[in-house]
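Each in structure tokens, the structures are laid out below.
Shared between the two complexes below is subunit A, which pairs with subunit B and subunit C, respectively.
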Partner chain A sequence: MTTTAPRGTAPAAPAPTAGTRERPDDPFVIAGEELPSRLILGTGGMRSLDELRGALVASGTSMATVAVRRVGPGGPGGLLALLDELGIRVLPNTAGCGTAAEALLTARLAREAFGTSWVKVEVIADDDTLLPDAIELIDAATALVDEGFTVLAYTNDDPILASRLEQAGCAAVMPLGAPIGTGLGIRNPHNIELITSRISVPVILDAGIGTASDACLAMELGCAGVLAASAVTRAQHPALMARALADAVSGGRAAARAGRIPRRHLAEASSPDAGRVTPLDPPPGGGTVR
Partner chain B sequence: MASTGAAPDVVVVGGGIVGLTIAWSSRQAGATVALVDPSPGRGATWAAAGMLAPVTEVHFGEEPLVALLLAAAEAWPSFASGLEAATGHPVGLRTEGTLVVAADRSDRIAIDQVTLFQRSLGLPVTALTGRECRALEPALASSIVGGADVPGDHQVDNRLVAEALVAACTAGGVTMVAERASGLVVGPGGQATGVALADGSTLPAGTVVVSLGTEWDRFSGIPPAAVPPVRPVLGVTLRLRARGTALVPARTVRGLVHGSVSYLVPRADGTVVVGATAEERGEPLEVTAGAVHGLLRDARTLVPSVDEYALVDATAGLRPGTPDNGPVVGATDMAGLVVAGGTYRNGILLSPLIGRAVAGLVTGTAIAGPLAAFGPGRFAAGLGGRQVAGATS
Partner chain C sequence: MSPASVNGQPAEGLDGITIAELVARQGLPGRGIAVARNGEVVPRSSWSTVTVESGDTIDIVTAVAGG
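Presenting the complex of A and B:
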């Protein structure tokens, strides 16, 4: 050992426990297919393949997105070989596309290259916000569904747009919490809750996750899953953050199913008033009252 | 090149900066050497920017690389002067240091986080305000909001180094074989005995050193377990030339511009290298308009006078990336076969250290020091197995 700082100085990221895999009585199903984990990881921005491997394993994820435009044919040592080795399903995305026509072409390329008809459709309006272009997105989703794709649509946190995407036949809608890469969390939780309460296909919170509490909140708001990319790949210890997000998704899902208590304005004691000790009663054993 | 005559002690396959340095160093160590490459000194070596940046290249999770990169930087001054003495060619080693700068407040926060991390590793980095940055480098934009001074990160003109190495090898008696190597020749005992060339001839060798950048799949005969798990990561650099009175920084300027890394490396002759893109793909080695646009957009955000420079060159190259971003250097399980590669973003920086270590290896000395942790065996557990530097002893 001749290097100054061994890899072991980073906090260890333990392997996922059984708790990070979803329960059999609460399966996560998209387009009739069950996914073992409600956490989906993005693979862009990795600092090294080893680090990405650690994060993927620690997250317990069963599906990871891959940008079709960024990834060439997978040679030895490449990203696709890694996902294949770990048994993680590839979800191609159309990142970088600005029009429906471009997204359509990219999705067709992805179907050939990756042998899957699943696609996460992204149609981005500009480089400063990376926000979805609603009009092009609807066109792209409609055309892709018509061509037989299983479409997961990255969208704004707009309940009406989300409904339109469901009506177009999308298998899942993926509203953003905040713009891509900002780590600003869920800026409009009320809209996300409106979306999850009005939509019957799975809602997956995508973009904006900065840390575990953001992922937990998404699940508490009724999301069926969470997609995180930069939150993991740009964390100081990606594997540990991946594990934290998996735990948060699990915890948030359980909380959503358990049902939170109603919010009240004033306090309500959890123990009854009856039988309490008053200062006038002599304490047992005859000691002084404190 | 026929298979007649005495076999050289060492045949180096691949004439990037790593292979060239190994050939020259081995020759200096007294070995007879041949180097096989149709165009030595080109490829990623030609595209690189030449930063010798043991500090600014270190990020979270790359702690095991620190000692290696620092040792590699230490090897450069004597290597450069030796090369200049052997050839009479200057190689443009500049020691003005590096300034890391932030283009906006979010970039500043990100840089401050990395600066703290680098300081925690004991690396010499000092945080600076925007005004302090501009006082050191008046060419910087007034919008720069802060940064860090990294006095130990230097640069060399990688193209001059490549040309000097070819000249030094030729003058020093290395046999330069301008042919493509197609595969390994394996003896009856399972040991490497030479190299087959694309023209059908063979070149016998005492030891074969394979240094193929990203082209390992075009060379047959290496046992699969000994092939470094390398993937190509395409990068584009631009070369500009300062004109007239346009301001040019003296230090290397590395910026974070709205989240993307950009750098300007000023040569002594007025050339400024701007880089670099990073795409997870291999060929074709085309320079896209978008790559040029993105590089210039970010460079002029940092140094506005870039607008006045002449654009003289745009070159694409393939970085050989490994799962842990560290190089792969050492003897393999096959007798007579050494591999050297996987230098990723640090090929120029690492070459003198690798050259010296491999020259020692082929003349009978095992690799010692930080490089010993980066042998080819560490990926044996599978692609990116966890037997990496720092976990091996």
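Presenting the complex of A and C:
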């Protein structure tokens, strides 16, 4: 055995080359503000504040959504204080709104209550599908942009509607993978890929995430981030699922940047053909060579 | 004239009090809430001047867990 390293000296690590060095990721920026994590957590459906805390910490998220509702008899509760304590940005949503007028009032109340002009605009058509009402959504997004809001628009997986929302001045578009709370994953990956290839504001996959592979696929399709709520809050072990989604988002992002191989119909050997060793010709009589 | 309603509940004896007084009576903190009067946001800066009148619909909102 030979070695080039002098005895007693650890061999030097190979110098990184351009081909092996990892390229640092671009920052995740919405409306000029950098978010440290590409995973946004929805807080809806959590069974307790303690469980929510565990999931938020495990997810490493830097932004979480809240809904705007009338104050209950017990007062505001501890949700805002928890997010504040963990240094997590509040993203109010307009969940439950069915018209642009309702979404406008909710967004204005949220700005007043939480001191943020960021809003995730949802305008829902009906309670069975919870699908966005495209016409009300465009009206609400346009009006809120005019009022100076930073609008993140929850939308259908429709590339044309996504373009319209970008033209209306939305800071991010958030197409659904599947209806809210279904955990059905990404039903139309082709459309999501079309959206990410045609939109220059961040595309954040929202709704439909069921498990880690869904979040990974979203990132592989070119999404800038993922929002998950039920997938985490209704998992048997929310903190563990939060961690899994964070890893999946990170892995999917790296894969998207790495450039996947093209799909082929037939096999293509990765080992060289040259230099293969072949057995002797079979003996006369057709006996088996062992 | 019907009494004002607060978060969907009729509330007697509120006529003429300011939004700031209403919030204080409800035992609410100043942070993390917002108030709408008849569907219009009352900015915090106006809480001490805007008053509750008969028939008003007052909504006081905060953050709840939501997707």
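Things worth noting here:
Assume the second predicted complex is superposed on the first by the 247 of 290 C-alpha atoms of A that agree within 3 Å, B and C clash if a C-alpha of one lies under 4 Å from a C-alpha of the other, contacts with A are read in each partner's own complex, and residues count from 1 in each chain.
The rule we apply is simple: a contact is a pair of C-beta atoms (placed from the backbone, for glycine too) under 8 Å apart; a residue touches a chain by one contact, two chains touch by 3 or more.
All of these numbers come straight from a predicted model, not from anything done at the bench.
Of the two partner chains placed around the shared chain by superposition, subunit C is the only one that A:Leu109 touches, whereas subunit B remains out of contact.
By the touch criterion defined above, A:Glu51 lies against subunit B but remains apart from subunit C after alignment on the C-alpha atoms of chain A. By the touch criterion defined above, A:Ala254 reaches neither subunit B nor subunit C.
Contacts of A:Gly42 after superposition: subunit C is touched, whereas subunit B is not reached.
Contact with subunit C, but none with subunit B, is seen for A:Pro92 once the two complexes are overlaid on the shared chain. When the two complexes are overlaid on their common chain A, residue A:Ala134 makes contact with neither subunit B nor subunit C. Of the two partner chains placed by superposition, only subunit C is touched by A:Thr65; subunit B is not. In the superposition on chain A, contact is made by A:Leu79 with both subunit B and subunit C. Contacts of A:His237 after superposition on the shared chain: subunit B is touched, whereas subunit C is not.
Overlap of the subunit B and subunit C interfaces on subunit A: residues 70-71, 75-77, 79, 181. Against subunit A, the residues of subunit C that register as touching in their complex are 7-8, 26-29, 31-36, 39, 41, 43-44, 59-67. Taken together, the subunit A residues at the contact with subunit C in this complex read 42-46, 52, 65-71, 75-77, 79-80, 90, 92-93, 95, 105, 108-110, 112-114, 180-181, 207, 227, 229-230, 233.
On the subunit B side of its complex with subunit A, the touching residues are 59-68, 113, 117, 121-122, 217, 227-232, 259, 279-282, 321-325, 369-370, 372-373, 382-384, 386, 388-393. Here subunit A touches subunit B in the complex through residues 1-10, 47-51, 53, 70-73, 75-79, 81-82, 85, 181, 236-238, going by the rule given at the top.
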